[in-house]
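Can you keep this structure in mind? I'll have questions shortly.
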Amino acid sequence: MSAIEPTTTVFLAVLQLAAFVLFAPFLTATIRRTKALLQSRRGPGLLQPYRDLAKWWGKLPLESNVSGPVARYAPAFVLGAILTAALLVPLATSRTPLVSWGDLLVVVGLFAAARFALALAAMDAGSAFGGMGSSRDVAISALAEPGLVLALAGAAIAAGSSDLGAISAFGIGRGLDLLDPAHLLAAAAFGIVIIAETGHHPVDNPDTHLELTMIHEGMLLEASGRSLATLVFASELKLAVLAAIFSAAFFPFGAATELAPGPIALGLVLGFVKMLVIGQALALLDASVARARILTLPDLLGLASVLALAGLGIQVLLP
Amino acid sequence: MNDWVVGVLLLAPIIGGLIAWPLHGRLVEFVAIAAFCVAASAGLGLATAVPGAGRVTAFHGGVSIDALGAYVLGLTVIVAALALWASPRYIRHELAAGDLRPGDEGHYYALFLWFVATLIAVPLVDNLGLLWVAIEATTVVSALLVGINRSPDAIEAAWKYLILGTIGVGFALLATLLAYASSVHVLGESSDALNWTRLMSIAPHLNPNLLRLSFIFALAGYGTKVGLVPFHTWLPDAHSQAPSPVSALLSGVSLIAALYALIRFHLVAMAGLGSSFSSTLLVVFGLLSMAVALPFMIRQEDLKRLLAYSSVEHMGLLAMGIGFGGPLALLGVALHIGLHAITKATLFLSAGELAQQYGSRRLSAIRGTFRAAPVAGGALGGGLLMLGGLPPSGMFVTEFAIVVGGITRGYWWAAALAALLLACCFVALAVHGSRIVWGHAGPVEAARGIDGAMALRLAAPLLVVAALGLWTPGPLAAALDSIRAILGATGV
Amino acid sequence: MTFTAVDAARLLDACSTSIVLIGVLIAGTRSIGRAIWLVAAQAILLSAAVAGVGLATGSNHLLLGSLVTLSSRGIVVPLALGHILRGSPVRQERNPYLGPRLSLIAAIAIVFVAFMAVDSAALGGSLGPVSAPRALPASVAEVLTGLLIAMTRRKGLSIVVGLLVFENGLALTAFSLTYGMPFVVELGATFDLLMVVVVVGVYTRRMLTVFGSLSTDQLRNLRG
Amino acid sequence: MIVTPDGALGASLLPAFWVAALALFVLAAAVACVPRVSALSPTLSTAGSVCALALGCGLLLSGVSLTASGSHVLGLATISVRYDGLSAVFLAAFGLSAAAASLSVVGERPRSRPEGAAFPLFLASIVLVLGANAAFSFLLAWESMTLLSAFLVVGLRPTRAVVSAGNVYLAMTHVATAAILVAFALLAASSGGALDFVAWHAAAPGLAPVTRDVILVLVSAGFLTKAGAMPFHVWLPRAHPAAPSHVSAVMSGVMIKTGIYGLIRVIVDIMGGGPDGLGLLILGVGAVSAVMGVLYALMQHDMKRLLAFHSIENIGIILIGLGTALLLQARGATDLAALALAAAMFHSVNHAAFKSLLFLGAGAVVHATGLHDLNHLGGLGRKMPATMLVFGVGAAAISGLPPLNGFASEWLTFQGLFGAAGSGAVEPLARFGAAAAVGALALTTALAVACFVKATGVTFLGLPRSAAAAAASETTPPARFAMGFLAAVCVVLGLAAGPVASALLTVARSTMHAGAATATATVPAVTSTPGSGQAATYAALTVGLLVAAAIAVVAAASRRRTTARRVDTWTCGIAPKPAFQYTATSYAKPIQLFFRRILVPEREVHVEYVPGTRFPSSIRYRSEITLLLEERVLKPAHGLSLQAADFARKLQAGAIQLYIAYIVLAVLALLLWAR
C-alpha cells in the first residue's frame, strides 16, 4: 500500500480503539442475552456489563494480605497488552490502523503476555483457587496455541505475508475463491480456538461462580475494585479482538479497501455485525453444549490443530 | 671408543647383577643403583650421540644404532630408571608383608638388571638373528621376574608367559630363517646376511614368497611379544602378576622392544614387497587388538589387568599407525611410543602403591583414593586421563595425528573405527578412574607415609606428558622427524 | 666312494620324514617318559641329517652345528626333563583334551595339510644347498605337530615336550632351508633353548611344591 | 604468537582485546591457586569476559576479522584462530554470559582452589573454540572445554550421583568428539591433507556425495550432542544442575551453543549447506527437542533441572531456525535462508542472556534458602524483590513475550518457517514439514509460558512452603548487579531488535558466502520503526513503546488515592495455610494429564487413616514421569552392551592350551591368506 500521512494513522487508530472499547462490553452483553433467551430466561439488560464495570471501578478494593506488587500491577499489563493488540488487527478497513507495526505473531505474543501476567497475578495471593485457575488456563491455552497459529499461518502462507492487513486485503482480492477447503478447515480450527481462548462451553463456563469449576474466573477471585474491572474488561476486549481477527483472516468481505469515510463507516458496521454473529454462535454453544471434562479437552483442541494442519497440508501438498 | 661405551652399557648391568645376586638390604639396592647409573649414563650418552639421519656403529657394524634405535634405547633407560627408583620402596613392603622371601631381594635386583641388559641389547644389534636372541633372552629373564613371589597366580602367569613367549619367539626364529633364506641367493653364505642394513640395501632382490612368509611369522612371533590379539593372551596375566616395577618395565619397554623388532621386519617387507602387504596386516591386527581389548577394559575387576589391556589397545593403535604410514601418522606413532611408555610405567607404579596400601588389586576394593591416597590416587587418575588422550595429554596429539593420518592415507574404515574404539576405551578408563578416585571408600588402611621422592617420580612423568601435549621442544621435534623418516623409509 | 649332494638330499628327506613320523608317534603316546626319549631320537636324526649335509657341502660349521644339536637337543635337554619327570608323581598323561587315537589322527591330518600347504617349489625353486623337496613341508608339519601336542595335553611336562618337538621343527627348518644360520646366531639360539629348559625346570619344581602336581588344571585362575 | 586483524581500519584495538581476554583468564586461573589473593580471580575473569564482549562487538561493528596462531606440536598449531562475523556473534554472547557469571561470584571463594582455577581456563577454552580455524586447534580447544567443564561439574568432592553425571557427560561428549574427528579427517583427506577450514571450504564442492553425506551425518551427531539436542541430550539435565550456578550459567548459556556454532561453521560455512534431507533432519530434531524439552521441564520441580530442560527446548528452537535455513539454502532461496540463519544466531544470543540470568537467579535462591526443590519454596518475592524482578524479566523473555528479546528471535524463526512453507522452490514435503514445525514452535512457546509462570509463581509468590524459604534474604550485591545487567540486556536486545537483526543478517549472508540481498522488499524483517509494504514487519521499538504507554496509561488511570483494605485470602472461610497453595507438581498436573501418552506418569498415593475411622491422618502423593528414551532405550542398551562385554571376556578363559590354539589358528589363517 502507499505510505499514509500520520494524521490518518492517528485518526484510524483512535477510531478503532474507541470502537473496540465501546463495543466489547456490548458484545458480551449480547452473548449473555442470547444465552438467556435460549434458556428461556430474560437475562440481564444489554447495558449490564457497562454498569458492572462502573460499579467495580468505584468500589474500595480488597487486597489479600499475602499478595503484593504483582497482583497490583498485573491488571495494567493485561489490559495494556490487549489494547495494543486491538490496534494491530484490521476492523473497519482491510489494513491495520498501524500499518506494518506488527503482524499476527505480535498479536498472539501480546495475548501470551497478557496471559503470563494474569496467570502470575493469580498465584500472588497464595489461594488454591487462583493457582488452580492459573494452572488450568495456561494448560488450555497451551493446547489452543498451535491451532491458533497454524490456522492463521494457513491464511498467512496463502497471502504470502503474515501481516493481518495483507491477509485481509488478499482475502478481499480473491473474492469467493477464498472459500476453498484449506481455508474452511483453518476457519473451523480458529473457531474452536476462540472458544478455548474466551472460555466458553465446552471448555469453560464464563458465568460460573462455583470455585471448583472456575478457570478464568478463578484467576479473578482475589481481584476487586478497579483491578477486577480492568481484568473483566480486558477479557471482554480480548473476545472482541479475536472475533475481529477471525473476520479479517477468514471472512474479510466488506472491509474498506480505500480510505474514504463512506467505506470506512460501512466496514465498521459490517465488522460489528460479524463480531455479533460470532458472539451469538458462542452463546448458542453455551446454551446447547454441556461443559466437557478437562480430560477431554486435548481431543477438542487437538482437533483444532489437526484441522489447521490438514488445511495447511492441502495448501502445500496439493496446490 | 663406541666399542667401549657399548661394552660398558651391556656389561655393567650384567656384572652388577652377578654381584647383587647373593646380597640383600641396603647394600644390594646400592649395588643395583650404582650399576644401573653406569649403564644409564653410557646408554644416554650413546643415544644422544646418534645423529638425526646417520647411525652410530661399533664392533665392526655388529652394533649399529640409528635414530629409532637410539629412541628405544633412551626410553628403556628412562623407564628402567623410574622402575628401579620405585623398587626399594616396593620390595621392602613386599618383604615386610612376607610376599617375598629375604633371599629373593638379591635375586630380584639381579634379574632386574639382567632384564634391563637384555632390553638394552635389543636396539643395539644390527643382526636380525641376534635381535631374535636378545628378545628371547628378555622372555627368559622376565619370566623369572614375573614369578618371583611364589604365589600360585604368579607361577601360573609366569608359566603361561614362558610357554606362549617361547612359542611366539619360535615363530620369530622361523621368520628370521626365512628372511635369511630369502637373501641367500643374493648374498650367498655370509654372516652379515641377516644384518638388516644389508637386507634393506638389497631388499628389492629378495625372494618375495619367502619374504611374505617371513613377515607372517614375524607378525605371529614378535606380535606375541608385542601383545597383538590373538597372540596377547599371556600379557594381562604377566603384567598383572609381576611386581609393579617389573610391570612398568614390561608394559613400558619390553612391548616397545618387540615392536621395534616387528618394525624392522615391516621395513624389510615394505622394501621388498611394496607397502601394501605388511601394512594391511599391521592395520588389521592393530584394529583387532583395539577391538578385543575394549570389552576387557569395560568389565574389569583387576586394576593392573585394566592397565595391561590398555597396553594391548595402545600397541594395536601403534601397529595401525605404522601400517597407515604417511608423515602425519608416523610422526604420531613416533611420539606415541614414548608417551605411552612413560605414562604406562607411571600408572603401573602408582597402581603398585595403591595395591600395597589397599592390600588388593581389585577395582572394587580400591575406592576413594581422593582421601585415602592423594598422591598415588591422583597420579593414577591423572595418568588415566593422559592415557585416555584428553588435552593437555600428548596422546591427544598423537591419536589425532594417527587417526587423521590414517584417513588421509585412505584407511577410512580402519581409522574411523580406531577413533570410535579409542573413545570407548577412554570411557571405560574414565568410569573406572572416577570410581577409584571418588568411589565410596570402605575401611581403608591409613595412607602410607608419602615420601617426596614418590610424589616426584609419579608426578614428574605425567607433567612431561602434559607439557608435550602443548609444545614440542626443538631437539625432540628433530629426533621425531628423523624417526618418522626411518619408519617411512620405503613408504610412499 | 664320496658322499654326494644327492645322497645328502636323500638322507635329509629320509630323516625329516622319519622325524615327522616320530612326531606323530609322540602325539599318539600317553607316557611322558616315552615322549621324551622320542624327542631325543628326533634330535639324533636331525643331527645326522645336518652332518650329512655338512659332509656333502664340506662346510665345517654345519658339522659343528650337528654336534651342538646332538649334545644339546639330543642329550642334555632330555636328561634334564627326565630328571624333572622322576621328581613328579604322575608320569602318564591322563585324560588329555584329545585322546591318543584322536590326536594321532589329528597329527596325521596336520601333516597332510602341511605337505599340501607348503611346497618348496612355490617358494622359489630349490632352496638350500641340496634339493630335498620334503624337508621344508616336513619341518612345518613338525612345528605344527609340536603345537598340537602342546594344545591337547594337560600335564605341564607334556606341554614342554610339545614345545621341544616344535623347537626340533624349527631346527629342521633352519637346516633344510639354509646352510644353517651364522654360527653366532646358532650358538645364541641353542643357549636360549637351554635357558628355557632351565627356567621351565625352575617353574615345574615350584609348581610341584605349590600345587603338588604338574597338571595345568590348577593354572586356570587368571581369566578375563 | 602472531595476531593480525585483516582490513585493519580502526580495528587496531581488537588484537589487544583478544590478547587481554586470554591473558586475564590465565592470570585469573593463576591467582585462584594462590590462597591470599584467590578472591581476585572472579574480578579478573569478569574483566576478561568484558574484553571478549568488546572484541565480539568490535568485530561485528567494524566487520573485520582477527587472525592469530601459536605454538606447534608435531608441526600442528595449537592456536590457530580467525574470528569472523560468525565467531563474533557467539563471542559477544559468550561475553555477556561469562561477564555476568564471573561477576556474580565476585567476593565469594570457590568450592576449591582447583575449581576456582578451572573456571577461567574453561572460559578461555570457549574463546579459542569460537575462533579456531584449523582442525587440530579446534579439537584441542574443544576437548579442553569438555574436560574443564566436566571437572567443574564434578568438582573435588562429588556425591555418587554427581560422579555418574560427570561420567555420562564426559562419555557422550567424548564419543561425539570422535565422530567430529573422523568427519574432520574425511574433510582433510578430500582436500589433500590440508587441516584448515579455508582449504576445506575450497575443496567442499568437489566432495563425492557419499563422502559429503557421511561427513554431514558425523558432524551433525557430534555437534548436536554437545548442543544437547534430543536424542543426544541425556547428559545435559544431569550435568547442568550438578555444577555451581555460575558454571551452569555459562555451560547452559554458551557452552552448548558451541555445538550450534560448530554446526553453522561446518555445515553452512565450510560445506555450503547440505541436501534437503539434512535440513529436514535438523528441523525435526529441533522440533522434537523444543516440544519434549519444555514438556519435561514442566514436569520438573528441581529449579536447576527445570532450567536445564529448558536449555534443550531453546536449542530446539535454534535448530528449527537452522534447519529452515538449510532447507532454503539447499534450494537457493538465499534471502529467506539468511533470515532463518539470523534467527538461529539471534536466539542463541538471546538464550545466552536470559538463560544465564535465570541460572544466576536460581543460584541466588539456592544461596538464600539452600533449597532446589520448588515445592519447598514460595513467597520469596517479599524477601528478595530485586531477584524476583530480574527473574521475572528473564522468565518473560524466555517465554517469548513481546517486547523482550526472546520474542524477536522467535518471530524471525516463525517468519523463516512461513517462508519455507510458502516458497515454491522448496520440496512440498519439506514445506509441509516447515508448516508442522510452526505448530510445534507455537506449542513450545505456549508451554514455556506455562512453565515459567509456574517457576516464578511457585518460587516468589504466595506463602513460603518451608522455614528455610521463610527465612530467606536478598542475595549479594554483585550477584544482583550481574542479574540486573542481564535483565537490561534482555530488554535492550528486545527493543533494539531491528539493528541487531540486520547486523546478524549481514553475518548470516557472509557465512553463507552469499552476496548482498536481492529482493529485501518481500522478506519479512524486524525493524525499529514501522516499515511499509507487503512484507510482514515487527517494529520492535515502536511496539515496545506502545505497549509501555498503554500499560502506563491503564496503571495511572486505575490507581486511586485510598489504600486497599487488607484481608485474608479467600479459602472458603478457613484460615489460609501454605499447604493450600498449588505446588509446582500440582500446577503442572493438567498438562501432565493432557500429555500422559508421551510423559507416561507414574503416581503413587499413600493414605494413612486415623485408626478405626475413615478419616485420613496423612496422605502422601508421589508422581514421576518416565523419560522414555532413557528408560526404554538407553538403559536396556547399556545392559546389553555390558552383557556382550562379559561374553567377550570368555575369550580369556585361562587355559593355556586354548591360547596356543589361538596362535595356531591365527598362523594357519595367515598362511592360507598369504597363498
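All chains are identified by letter, namely A, B, C and D, in their written order; residue positions are counted from 1 within each chain.
The rule is simple: a contact is a pair of C-beta atoms (placed from the backbone, for glycine too) under 8 Å apart; a residue touches a chain by one contact, two chains touch by 3 or more.
For clarity, every value in this text was computed on a predicted model and none was experimentally measured.
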item: Pair joined by more contacting C-beta pairs (C-D or B-D); value: B-D
item: Where chain A and chain B are represented by their mean Cα positions, the distance between them in whole Å; value: 78
item: Rounded Å distance between chain C and chain D, as computed from the means of their C-alpha atoms; value: 70
item: Chain B-chain D separation of Cα centroids, rounded to whole Å; value: 45
item: CA centroid of chain A to CA centroid of chain C, Å; value: 99
item: Multi-partner residues of chain D (each touching 2 or more other chains); value: 649, 652, 656, 660, 663, 671
item: Contacts with 2+ other chains: residues of chain B; value: 159-160, 163, 167, 213, 236, 296, 299
item: Numbers and ranges of chain C residues touching at least 2 other chains; value: 147, 150, 159, 216, 219-222, 224
item: Pairs of chains in contact (touch as defined earlier), listed by label; value: A-D, B-C, B-D, C-D
item: Chain D-facing residues of chain C, complex; value: 97, 117-118, 144, 147-148, 150-154, 159, 216, 219-224
item: Residue numbers on chain D that touch chain A, as the complex places them; value: 378-379, 381-382, 385, 392, 396, 399-402, 407, 411, 414-415, 418, 421-422, 428-429, 431-432, 435-436, 438-443, 445-447, 449-450, 452-454, 456-458, 461-463, 522, 524, 530-539, 542-543, 546-548, 550-555, 558, 560, 562, 564-572, 576, 578, 580-582, 586-591, 593-595
item: Complex contact set, residues of chain B against chain C; value: 127, 129-130, 132-133, 136-137, 140, 143-144, 147, 150, 152-153, 155-160, 162-163, 166-167, 170, 173-174, 176-178, 180-182, 184-185, 189, 191, 193-194, 207, 209-210, 213, 236-237, 240-241, 296, 299-301, 305
item: Touching residues (chain side chain D, partner chain B) in the complex; value: 71-76, 78, 135-136, 139-140, 143-144, 146-147, 154, 156-158, 160, 163, 166-167, 170-171, 174-175, 177-178, 181-182, 184-186, 188-189, 193, 195, 641-642, 644-646, 648-649, 651-652, 656, 658-660, 662-663, 665-667, 670-671, 674
item: Contact footprint of chain B on chain C as seen in their complex; value: 59, 122-124, 127-128, 143, 147, 150, 156, 159-160, 163, 166-167, 170, 173-174, 177-179, 181-185, 188-189, 191-192, 195-196, 199-200, 202-203, 206-207, 209-211, 216, 218-222, 224
